[in-house]
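What follows is a set of structures for review.
Next, two complexes with subunit A in common: one pairs it with subunit B, the other with subunit C.
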Partner chain A sequence: MSLSPHTTPSGFRLPSIHAAPPFFTQQPNPATQAVATEQWSRLILSYAKHRNLFTIKVEDAQTTGGDWDEILRNDRINRKLNTSYLAYILEQMERSCRLAFDPPKQSISAVLYWRTPEEWAEVLHEWATSTGQLNTILTFYEIIEPPVPSPLSGVPMSILRRAINLLIKSNRAQLIAVADGEGVRFLNGSTSK
Partner chain B sequence: MGVLKRYTKPVDGTIPVPALLYDDESLLTSQESVGMYDGTQKSPKHQNGTVYTTTHRLFYVDHSHPHSRSFSLDLSSISRTDYYAGLFTSSPKITLYLHANNPSRTVDASSNDLQTWECEVCSYKNPPGLSPAASKLCGLCGVPRNTSQTNSGSPSPIPPKLTQHSSSQFLSTSLPSSATNLLSTPGSSTNPAQDAIIGANGEIPCPACTFLNHPSLPACEICGTALPRPKNVAGHPFARSAPSSRPVSPSPDEDEEDDDDDDTEATRLVRLSFRKGGDKSFYATLRRSLLGKGWESKVRSSSTPASQASGTGQGGLNSILRTVENTAANTQSNMEDALQDIESLAVKARDMVRMAEDLNEKLTVATATHTASNIIEPEEATFIRSSLSQLGLQMPNAPVTLDMMRDERRWHEELARELASVLQGNGSSWKQPGTNDEQGGGMMRKRGIIALDEVWGGWNRARGVALIPPSTFLSVLPHLPSYTSPPIHMRKFSTSGLSVLHTPPYARDVFADRMVTLLTLGPKTTVEVAHEEQLPVGLVQDMIAEAERFGDICRDEGGSGINIFGGRTESGEVRWWNNIFMDYEWDGQAS
Partner chain C sequence: MRRLGGVGIAAFDRQQLSQRSFAELSSELSQAQVDALHAQLDQFRNALVRFASTHRDSIRRDPTFRHAFQQMCAQIGVDPLAGPRKGGWWAEILNLGDWQYELGVQVVDVCVSTRERNGGLIAMDELVRLVSKLRGLAGGIVTEEDVIRSIKTLKPLGAGYEVIDVGGGKRMVRSIPKQLDEDQAVVLAIAHQAGGRVSVELLQSRRGWSLERATTALENMLLRDGICWLDDQDETNGIAYWIPSAMHWDE
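After this line comes the complex of A and B, so read on.
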C-alpha cells in the first residue's frame, strides 16, 4: 500500500494521497474530514493555478472530459469524487475565503481565489508597470484579453473589479468612464503616496 | 344406650380421616386412646380409638375395628360441653350434651352429598363433597337447593325446621333415599317402604309416571323425574363420607323404639374418656371449633340464616355477585398468606444457610482433627453434607442474597465476586444450562467480549433463585474489574447503544491498535475484520465505528467508482483503511 505522487499528462504533480481511495469518500470523523478538506482545497487551488483555471462547478465531478478530470477522478484506483462531496468541499473553501460563489447566493459554481484579490491587485499593477501602460486608459476587455498573453489573461471580471477597487483605494488606479463602458488608468503608486 | 346410635353416623375408619372430610371442612386435632360413653354408660364397643376434631364434626376411629365401629358426630348437634379433669384412676373426660332434636339426621336426610346437583336457577353444577349446610345452597347463586327438588315433584326432603327428631317412621316413608333409621340388617338395608315400591328385578317405579326404571338410573327414563333410590342397591356401601345407610349390624340388646322414653337432658350426652391424656388441648380445640360454628359459615357468608330460611328472594344476582366477591377476597387472602409465608421463609433461609455453614465447618474441623479416631463417622458426615446440598445449602455455590449482606455496598461487591465466577468460572462449579461449555467454565472463558443482556440472562440462569434485577446488575458492574482476572470492564458503543463486557484485548484502544496493524496489510471490509476477530459482524461493526470515531481508521465507500464494469468488482461495501490523512504531508505540486 505504498502511495506515491503521480504526474498527469498536463504536467501536474498529483499528491500521493490522490491515489488513496478513502480520499474520495467523505469521512464521518470531523477531524479526519478537516484534513481531507484541507488537502482537497490545496489540490484544487494548485491545479487551478497550474492550468490557469478560474471557475469550478459542482457538476464538474459528474462530467467527463472537462478541465478538472485529472484531479476529480482517479482512473488508476477507479475512484472519483461525487457531486455531494465536491459541493461540501466548495462550501468549506468558501468559508475559508479561497473561493467565492459566482454569481453569489448559490453554491453550484464558484470563482477560485488561488490568488487573493490583494495579490491580484499587485499582479495587475506590476503588469501595467512592466508593459509601460501607466497613465494610459485601458478598458477591462483590454486587460482580460491582451494581445500578448499575460498573467491576467482570462481573469474573471469579478476578480478584476475587486483588484482594481483595491488599487483605487491605494490611489494607484482611477476609474474612468469611456464611450463603450468603463476604463481604468493605472498610476504610479509610489509617486502618489 | 342409643344416644350414640341416634346422633352419630358410621364411617369407614380404614379410610384416613382427611379423606372423609367435606370440601369446606378441615381437620383440627386428634387424640389417641379415647373411650366413648354412650349416655352415662361406657359404650363397650368404643373403648379404644382415636378422636378427631374438625370444623364440622367429631370423628371416632376405633382401634381394633376401624371398619365397623367408627363413627362421626356432627358438632352442630352439640348444645354444650363439660370438662372433668379426672381423679386418681378416673380418666379426664369431656361431656358433650346434645340437642333434643337431631339436626344431623335431618341434614343428612335432605342432602345427597354423593351426587352433583344442578341448581335450578343458574344451572350451576354443584360438586359433591360439601358439608350438609353448604350443600343446601347453590355454590354459585346461593339459592337453596330444596326448592328445586320440591318443584321437580320427586320425594322432597323435609326442610330442617319441620323435621322433628326421631320421627323415624315418618322419615323412612317420606324419604326413601335416606335409610338412616333402618331396623333391618345390612344385607337388606332398604327399608320396608322402599321394598314395597321396588319391582321384582330391583326396578324402581317412577313416582310421576310409574315407569319401571333400571335401578342405576338417577332419573326416570321417560319423564326425567328424579327417582327415589335405595342406596345399597347401587352397590357402594362406603364412599366418601357419611353414607346414609348403616351397615353396623344392630346388636340384639339395642332397642331403638324405647329411645324416646328416656330422652332427657341427663341422658342425651356423650362422654369422651381420655385414657392417655391430651384432654386439655383437645378440649380447647373442640371448644374453639364449636364456637367457630364452621358448619354454618358458608350459610352466613352468603346470606343471613334468617333470610336464607325465609325464601329464595335473597338468591339471584346479589348472591352471585357476593359469591364472586367472596371468592376474590378468599383468593386475595390466600395469596397474601402465601406471600407472607414466602417472606418468612426467606428470613428463615438466612438462618438455615448460616447453620449449614456452621455445620459444614464443624464437620471439616472434626474430620481434620479426628481422622484416626473417627469420632464422626465419614458416612454420617457425607450424609449430612449431601443432605445440605440437596437442600440447596451447599455453601460455595449458594447464591448471594441481599439479606445475607449487611449493607448494599458489600452486597454489590459480593455479587460482583459471584458474577466474576459466572463469567470466568473461577474454581467453582457453576453450571450453565443452555451452554455447551463442556468444562463448565465461565461464560467468558472462550470469549473476550459478550453482550450485556446475555450476561444478565446467563447469570440469573446460574443463580436460579433470587434473580438479580437489571438495576442491581448495572450497579454491580463497576465492581467487576477488581474481582476478575484479567479485569473485565463494561463498554458502551455510542453508535448503537449496545453495552458489552470485555476483557482487555477488546478495550477500545487495544482493538484499534490491532485493527491498524491488520489494515497495514491492506484495506478490509467489516466482514473480513469480523472473520479475523472471530466475532459477530454486528459487534465488529460497532467496534470499528468506535475506532473510526476516534480517528484511528478511515473509510472508503467506493460506491462512486468510475468503471463499474471494470476488472475488480467492488460492491458498495465500505472498506476500512488506516487513517491516511493523519500526519499527511503535501507531496503534490508545489505552488
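After this line comes the complex of A and C, so read on.
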C-alpha cells in the first residue's frame, strides 16, 4: 500500500497523511497527537481557504454531503473523523488562535482564521482604498455582500467587527451610526501606524 | 705449522676487525633494504594518489566503483578516511571525507525532519530515497552502503544513530537513542511485510504470541516510544497499530 497525495473533485490537493488510516483516530501518545493536531489544523485551514469556508461545526463530522466531506472523511480507505476527535481538534485550534468559537461560550461551532484578524484588517483597508471608498460611509452589509465580489464577500460578521476594531485602534476607520444599524468610514492612514 | 687465525695476541685483533667489518656490512645491507622499502612505499603511495586523483570523480559519482575502491582499501588495510591530519591524508586527496560528511549531514537532515512522522525510526530504503531526493540528480547515486558508512562517521558525535537489522534483508535506521527490544524488532519486521499495519491478532497468529505479550509490545511502541499510531476503525480487528516508518510514503 502506498500513501500518496490525492486531488479532490474541488481541486484541493490532500497530503499523503490523509490516506493513512490512523490519521482518523485520536492518538493516546501526546507527542504523536501533537503532530496529528498540527497536521489537522493546517489541513482544515488550507481547505477552508481553498473553498472560502468560514465556519466549521463539530457536527460536520457526522453529516454527509456537507462542505467538509472531502477532508473529514476518506472513503478510499473507509475512514472518517468522529465528532469527539473533531471537537478536540477545534479546541486545540482555538488555543492556538486559529479559530474562534462563534457565538462565544460554546465549542461546537467556530469561525476559522485562515487569515488572522490583523490580516483581515489589512485586506479590508486595502479593499476600501483600491475601490475608492475612503471617507464614504459603508454599512457592514455593503462590505460583506458587495455588488462586485471582493475578498471580503461572505466574511462572517464576527471577523469583520474584529478587523474594523483593529482599524479604529490605528485611526484608519470610524464607526458611524446609520439609519439601519451600523456603518463604518475608512480613513486614509498610513499602514505602518 | 702455522694456523690461520693463529693463537697469539694478533688473533684477537684480527677477530675484532672482522667482526667490525661484518657489522658494517650488515648495517649497510639493512640500510639498503630500508631504502628500497621506502622507495617502494613512495612508489605505492604515488600510484595510489595518481589512481585516486584520476578516478576521483568516478569514486564520488559511481556507486559500484566506490564500492570496489572501498573494498580494495579494506583489503590492503587502508582506511580512506583515516590519516594523521584532520580529515585524513586520503580524505584530502579524494575529497571523500567531505563527501562522506556531507552525506552524513543529509542523513541527519532526513532523519530529523521525518522524526515527528515516524518517531525516529526510518526504513533504510526510504532514507536512501529521501537523501537521494535531497541531493538532486547532480549529487550522483547513493547506496545503502554509503549511508551506513556515513552513519559510522557520525558515531563520534554521540548522536546515537544506529542501523538495525529487522530481518528479511530489511534494515532500518534509528535516530533516537532508545532501547529497541527483541519483540519490537519482530513487530517491525511484520509491519514491513504488511505495509505498516500490525495488530494483536496478527502477532498471535503469525508468531504464536500470547495476548499479553502482543499487547505489551504494541502498547509500549505506541505509548512509551511513539513509533506507531493507533487506528480504531480497522475493518478486520477493530484496533490496529500503524508504524509510519514501515509505511510507504509518496510525497
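In the analysis below, the second predicted complex is superposed on the first by the 189 of 193 C-alpha atoms of A that agree within 3 Å, B and C clash if a C-alpha of one lies under 4 Å from a C-alpha of the other, contacts with A are read in each partner's own complex, and residues count from 1 in each chain.
FYI, contacts are C-beta pairs under 8 Å (C-beta built on N, C-alpha and C of every residue); 3 or more make two chains touch, one makes a residue touch a chain.
Just so it is clear, the structure is predicted and the values come from calculations on it, not from any experiment.
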Is this a clash or a fit when subunit B and subunit C both end up on subunit A? clash
Check the residue A:R73 against both partner chains and state whether it touches subunit B (first), subunit C (second), both, or neither. first
Which superposed partner A:V35 touches (first subunit B, second subunit C, both, neither): both
Partner chain in contact with A:K49 - subunit B first, subunit C second, else both or neither: first
Which holds for A:C97: it touches subunit B only (first), subunit C only (second), both, or neither? neither
Counting residues of subunit A touched by each partner, does subunit B or subunit C come out ahead? B
Taking the superposition as given, does A:F24 touch the first partner, subunit B, the second, subunit C, both, or neither? both
Please indicate which partner A:I108 is in contact with in the superposed arrangement: first for subunit B, second for subunit C, both, or neither. neither
Would you sort A:L175 into first (subunit B), second (subunit C), both or neither based on which partner it touches? neither
Just checking: does A:L14 make contact with subunit B only, subunit C only, both, or neither of them? Give me first, second, both or neither. first
Using the superposition on A, tell me which residues of subunit A are in contact with subunit B and, in the other complex, with subunit C. 1, 3, 5, 16-17, 20-25, 27-29, 31-32, 35-36, 78-80
In the complex with subunit C, residue positions of subunit A that touch it: 1-5, 16-17, 20-25, 27-29, 31-32, 35-36, 78-80
Going by the contact rule set out above, which residues of subunit B touch subunit A in the complex? 520, 522-523, 548-551, 554-563, 566, 568, 570, 575, 577, 579-582, 584, 586-591
Given the complex, residues on subunit C that touch subunit A span 116-117, 119, 195-197, 222-223, 226, 229-235, 240-242, 244, 247-251
List of subunit A residues in touch with subunit B within their complex: 1, 3, 5, 12-18, 20-25, 27-29, 31-32, 35-36, 39, 42-43, 45-47, 49-50, 73, 75, 78-82, 114
